[in-house]
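Two complexes, one shared chain (chain A), two partners (chain B, chain C).
Our next item is the complex of A and B:
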């Protein structure tokens, strides 16, 4: 099992939209990989299907078993990092090795405030809608189901 | 609770792999070889067919076999033109993995089966019912399996009892996907209830003179 590492300059992990994300990747692998790919991406986490958006990638062909390289990506204007009860949007840098399944991920925050935007629920907004289990959940939870 | 912290969030559920009862991935691979790579994974909705197909795909590729996966369901149908295009691009070394064989039209299915017999290394499908191809394995679930998965996702959750899991399993007729989706809400709601309880002022106990 090899080792992959992503290091952000000054350990900075919160960025404003449009800002540069810069740092260094390192690898120490058991065998010579065909390629290493560093991606700047966002993905959603929560209820339902997962979405992924890959903004840019940097591919290093025949990188050798041991090495390091610098990277610099420019962030787009959005989407911002946010979280609600139903969905979170998470930005990350991901370094993957081909072939194989070795992957390392470094999460970052993209937001004008430098912090993840927290969404507050709107009471009753989606209560019971599109959820056939609403009455069932109400019974087992003893409270109305509010999937906001 | 933030969605990303919910143990039943989609990205965490995607990491759950198929759990075998009474057989193993190696045994299935041997059986597939015996079946000349023409077989069906059957079972009801939410019983792990797609997960198993993905795991099989990984194992087949690790053996050096080439695979081509096609996913079909009611939301992502396979129009006949697309079916023909897919088939025309096949190469003889490729094993075709068709997830949702019973969701394609009968005419497309016959075309699919006929073409892959001649022009592909094999055809492995998932289907709710048997009869399309010889059955490789019939997937099913139990409340105990649900409990095992939930325990791995959230070892200590006061809101999730074995009785609740049995109720859920019965309510969804063994559809684990639907059970886990509901548990997302149960977890969110129980967290809100706990927060509410923590924020409720508890009156001090009356002092008792010794």
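Our next item is the complex of A and C:
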């Protein structure tokens, strides 16, 4: 069994939307593959049936059994990496060898805060609900008025 | 704050079953395999015999006698009895077998049809066994029985496949590629949908002629048939047992004279078949048992053909039963083949190289987003009523079949289902009353709000707004996950954000108003994939005393933050 590797620049794995994802892929395989494909993708995990979105791919034809290459992808504005009670959305870089099923995946986070967005459950945290609406009402633009 | 994450769960990866569980399942699959194999052997043996008859020698023969013989056998009391003569190997032989395994019919007309097809004195072709010249048949076995072999093959495959997958050694743990899941997924599902709907269309089309068009055409044609007095020879309600319970049919054998000849027929109407409900059939039978000189209608072109009931009657509408199948099949097929627009959440569903997209974070705001937009409710009031009616009719329709076909004791077990049916009727009434509620209208400016962005929300009501005692406006963020379990599809929802935007009991404020809102920056924007969604809604609730409340939900679009980064909310 061969070896595939994805290495991100500066071992950075959290990115803001629109940012560049850069790094290097390495492969050391038992036989010459037809192609290697590096994909930037997101997929869902959790209760729902999995959804997948492939944003960009980089295909290397006849790469030889041993080698390395650099890559650079630009992230889109969304969707963000998030995790809720039912759904998680995970961004990843995935290197796949053809033919065969050798695959390596490097998960990254795409979020403006640099952290996965955590979605809480309202039913399970009534206290949080009140805390949330308090500051929110203070942020209401203008004074609510009737008969507008 | 409690954070619940379910990352890494529920991706269709199930825990391996225990040895005991696997043994139990193996037994189950083994039963499938054994039963399937047994039926397969029987069917293949029959198919082999049918194939063997293809080699039998075609020989001219002369029909000597041909008649319908009545027997005491209650299952198939009418038998086509025939004798014929043929020459083979320089000798004359006598045959009396119509078809191997033929044992008569429950309907007189079926046997009568054969008498007409093989009248005495006619010369026809019989098939003689070359190995035994005394063995001959008029009609050979159908080799189409071979096709039936495919059915038990399904059981064999399920059994063998189940055992294989239960006991196969799992492949070494390794990451399964995800990107290829997208490749051709749309095309595959498109073809799967097309095949599914094609089966519907073919089944509907194939059933429509024999079950629909033909009976209706013949009923209309019978309007020109000659009314003739007839004598009822036999009238009874016949019961037919099936997996779906017992069904009944009215069987009436009658005799009539036409142009000097005596005929017998047993056609009541052109629909035939059987259905649930004993009483209706018993009434028909009683009516003909007591009739002194009932009238049948005889086809003047073929006097052996007659019917008791002609002209339009409500039961004929049942003949249109295959039509919805055909329409759903054809409609679905067209929709599946044409396909719908590509899901925006799947920007690149292929492995073809996709050019790096330099995404301007501002591009998430669409042109014209700054303009206000009138929001449309997710489900209109009339839509809810129609939905409730459809579900209530469907549920109660099915339940009523059981209610009318079960004994009083059995009805006790149906009580929970009847209660649901009554509840659904209540829901229909509730939704009907809700039609007369004041109708809210919402206007959001801008139409699309980025995370951390601000918007103004205006509301107004049409109708008798004075009936509303309290008005609430709530912003909700909902996770929605769709998944399959067996053959059913389920959708689970979880509210992750709930904010009360406005609450008032003041009539003037309820009638119309405006509120500003700022969306939190540290949450998730709207997201819509095939099975997983993040939905943002504005919900209006107006309490009305002793009447269904106003409850409307309006979906809004929340986009990623404008600058790609935003302030961190504590």
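Quick notes on this one:
Definition applied: the second predicted complex is superposed on the first by the 123 of 148 C-alpha atoms of A that agree within 3 Å, B and C clash if a C-alpha of one lies under 4 Å from a C-alpha of the other, contacts with A are read in each partner's own complex, and residues count from 1 in each chain.
What we mean here is this: contacts are C-beta pairs under 8 Å (C-beta built on N, C-alpha and C of every residue); 3 or more make two chains touch, one makes a residue touch a chain.
Note that this is a predicted model, so its numbers are computed, not measured.
Here chain B and chain C are compared by how many residues of chain A each touches, and C touches more.
Of the two partner chains placed by superposition, chain B and chain C are both touched by A:84.
In the superposition on chain A, A:46 makes contact with both chain B and chain C.
In the superposition on chain A, contact of A:2 is made with neither chain B nor chain C.
When the two complexes are overlaid on their common chain A, residue A:94 makes contact with chain C while staying clear of chain B. Chain A residues in contact with chain B (one complex) as well as with chain C (other complex) are 43-50, 83-88, 90, 118, 133, 136, 140-141, 145-147. Residues of chain C that touch chain A in their complex: 1-12, 174-182, 185, 345-361, 363-364, 451, 454, 456, 458, 477, 479-484, 492-502, 504, 506, 508-518, 520-525, 527, 529-532, 534, 559-561, 564-566, 568.
Against chain A, the residues of chain B that register as touching in their complex are 1-4, 6, 8-12, 14, 159, 164, 167-168, 171, 178, 181-182, 184-186, 188-190, 193. Residues 43-50, 83-88, 90, 116, 118, 131, 133, 136-137, 140-141, 143, 145-147 of chain A are the ones that touch chain B when the two sit in their complex.
On the chain A side of its complex with chain C, the touching residues are 16-19, 37, 39, 41, 43-59, 72-80, 82-90, 92, 94, 96, 101-105, 112-113, 117-125, 128-129, 132-133, 136, 139-142, 144-148.
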